[in-house]
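Presented sequentially are two complexes of chain A, the first with chain B as partner and the second with chain C.
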Partner chain A sequence: MAVFMDLNITYTTDKKRLRSVIETAAHLGYSTVAINYVVDLQQKKQEIGKPKCVSELFDTFPIVQGKSRPIKVLNRLTVVASRAAHFKPLREYKAYDLVAAYPKTETLFHAACMEFTIDIICVAATEKQPFFFKRSSVEGAIERGVFFEVSYTPAIRDSTMRRHTIANALNLMEACKGKNVIVTSGAGKPLELRGPYDIANLGLLFGLSEEEGKAAISTNCRAVHLHGEMRKTALGIVHSMKNEQPLTERQEEEDVPASKRAKIEMAQ
Partner chain B sequence: MRRAHIQDQPATYERLVYKNTSLYHYMRISLQLENESTRLSAAQLKQLICSGLRDLYGESNVLQTSDFPFYLLSNQTFPLFRSLFLFVSFSGLVKLWSALTLLGSYQNELCSFRVTQVSPFLLTLSGNSRELELD
Partner chain C sequence: MVRLKSRYLLCEVCVSDRSNLLLLDDRAIYTAAKAAVARAHGDYGAALSSLGFSVKYLNAHTGIVFLRCRKSHYRLIWSALPFITSLENRGQRVPCFLNCLHVGGTIRTCQKFLVRYNTQQLHRMLPLCQSEGMRWSQIYFLLLFCTLLLFHCLS
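What follows is the complex of A and B.
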């Protein structure tokens, strides 16, 4: 069975709080988390900066409860989209493991489903969705491998937001029939996180079946992670890796001139 | 050898399929509060759970699930956490579980219910492999 992942932990500059959130996630059983940097390009002077290096947070990552491996932390970018032009800069996206879009209008939602090179489309949780989900756009997104994300932390904070979250989620399920959905927290504090089986149960509230609910936090999240990796490596064809050669070999190669090197290799 | 006067009767069988093993489910949960020194009594805990149900499902559904704190256990090794056992009918399990998940605050203080175990059998709640200490 795929491991549990929580792909939305709000980034705060408070390192201690971020660390405690990740520790709680590890304690609850999540094997992978993603730190979410939200960028609203409508505001002036907002640039997509580079994400902070993950190893700065921890010297040794906390070990996931129930397993012997440490928790894996990814970087994720969410672009709050109000214009299609916001999606042009692609160079900065490579630094992030996952890219998400939060479309505000129906045209942008359709464009995000069909064209943008992203992994996740966020469904509004704090406000009523201003547009309805068209089945054609949603099916197009499913074919491309883009996932729809429902966040549950606003539902914990406030009862009006709870209504919006459930209403929007039910709308989405009508359009997508439960496929390609992930449920994530938007946790900023450790007490806002919930365990994976609790979220699978919440999936039932959102209109998913039991199997789909569990897949929303495990299998589908793994698919999103892989989709993000494929996006970085051009459909999985090109994969660059740092090759560190030991010093002695390099020195030996330099001593021997090129023509002699070729003869030695042929003799061997 | 067959005897002519005994007639063969067609074999009859009855197949019983139980979809649920039990009508009732037991849950073991613990409440984690932001301010760790706060202590809640059994009545306050029950009121909190009922208010959570009411917030999510409205007035009419509160009475449908028959849940009451079964046994309050204060674990010696973790004095900050208390284990609480709940007893609920199978149809009310999803409602209660979702109400517990979405409960966020107690008297303006952040709190969260951590569901440790859910089982149709009470005895299985006695052991928790997550807190097992291996020597």
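What follows is the complex of A and C.
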């Protein structure tokens, strides 16, 4: 049984609802969930705040159906981008495990694929995409390790949005050939979640093959998680752990090579 | 010899309020599934679901459903199941969703999976039971359910 992840649960200030959504996700078999804070910087007085501490929600996390581990909850930020200037503040991004962008124009989409330090690019689900996906930008994103996200909850709620979601998803598949896609819910209520095998099958409607559909909720999501971790820790070189010295590039270039240093540490 | 192969979809009906579960019957799920397939795949879907599609078993207490479809079309019908948002029964709407647990070729394989699934559920829920009485009732309940299913399928 692979590890299934659902990387988009809309944040609500109602704690009880959030709790019930996460409990339902654990019941359905998702090992990891991410709470999504959406920020639209075009509206005035919206700032990227700090995410709420995850341990506030639960004392003991609910155990995932079929495994013995508790569910893992991450924090994710989605920036609705209408201007490139919105991507300046990098300090606040470090507090979040995953960062996503929702580009509204073609130039921003291209910039997001090539330059911005993000993990996920959201594909519109509630409206028809105003621009087409250019294969050059999509391929650039795939090389960098950025993933494209298709959200399925609008499709469940309404029929016109269903058409838009499927149309946009098929458009994306033509450009990216099924690589680097993740499928997530945008669930605000526990009844809007669906089981992992159902979603892998929904991938068929979105133009993914059977294998790609299963990968979209398991291996690709794991890759996004790792990408987010690498972004936080500067390519995995800087880690902060208790009682251990952080290894930075500068230290590695010092006189004592790493193998010798390990021996010295063991001898002590 | 031509053997008619079918696929059995083992689904669980998830409701937010457990007492609503008891109101459901197999006809409600049948109509809801047919309507969802017709909405998602149009006339082609409606035609497919009229061929060899049936609700074989429904347990109102635990919310387990067996849906039977033809092997050639089960994927299409399965892909329309996530779009079910509510079930209607005698004028009452129950908001719910279907979670597919397992796809099997025969009822027997689905039942084997179900027994394993129920034991996992038991392991999950027993620590949460507050009293000894509740625990025994859970175990008894699940055992009863397994034997009922066996009788139903063998008959």
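Note that the second predicted complex is superposed on the first by the 239 of 268 C-alpha atoms of A that agree within 3 Å, B and C clash if a C-alpha of one lies under 4 Å from a C-alpha of the other, contacts with A are read in each partner's own complex, and residues count from 1 in each chain.
In the analysis below, a residue touches a chain if its C-beta (ideal position, glycine included) is under 8 Å from a C-beta of that chain, and two chains touch if they have at least 3 such contacts.
On a predicted model such as this, the values are computed, not experimentally measured, just so you know.
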Chain A superposed: clash or fit between chain B and chain C?
-> clash
Considering only the touch criterion stated at the top, classify A:Leu205 as touching first (chain B), second (chain C), both, or neither.
-> both
Which of the two partners, first being chain B and second being chain C, lies in contact with A:Ile63: first, second, both, or neither?
-> second
A:Lys179 contacts which: chain B (first), chain C (second), both, neither?
-> neither
Have a look at where A:Lys134 lands relative to chain B and chain C in the superposition and call it first, second, both or neither.
-> neither
Touching A:Ile156 in the superposition: chain B (first), chain C (second), both, neither?
-> both
Which residues would you name on chain A as touching chain B in one complex and chain C in the other?
-> 28, 65-66, 152, 155-157, 159, 162, 191-195, 197-199, 201-202, 204-205
Flag every residue of chain A that touches chain C in the complex, lowest number first.
-> 20, 24, 27-28, 63, 65-66, 152, 155-157, 159, 162, 190-195, 197-199, 201-202, 204-205
Contact residues on chain C for chain A in the complex?
-> 14, 16, 39-40, 75, 78-79, 81-83, 85, 95-101, 120-121, 124
Contacts from chain B onto chain A in the complex sit at residues 32, 34, 55-56, 94, 97-98, 100-104, 110-112, 114-115, 118, 130
Along chain A, where are the residues that touch chain B in the complex?
-> 28, 65-66, 152, 155-157, 159, 162, 189, 191-195, 197-199, 201-202, 204-205
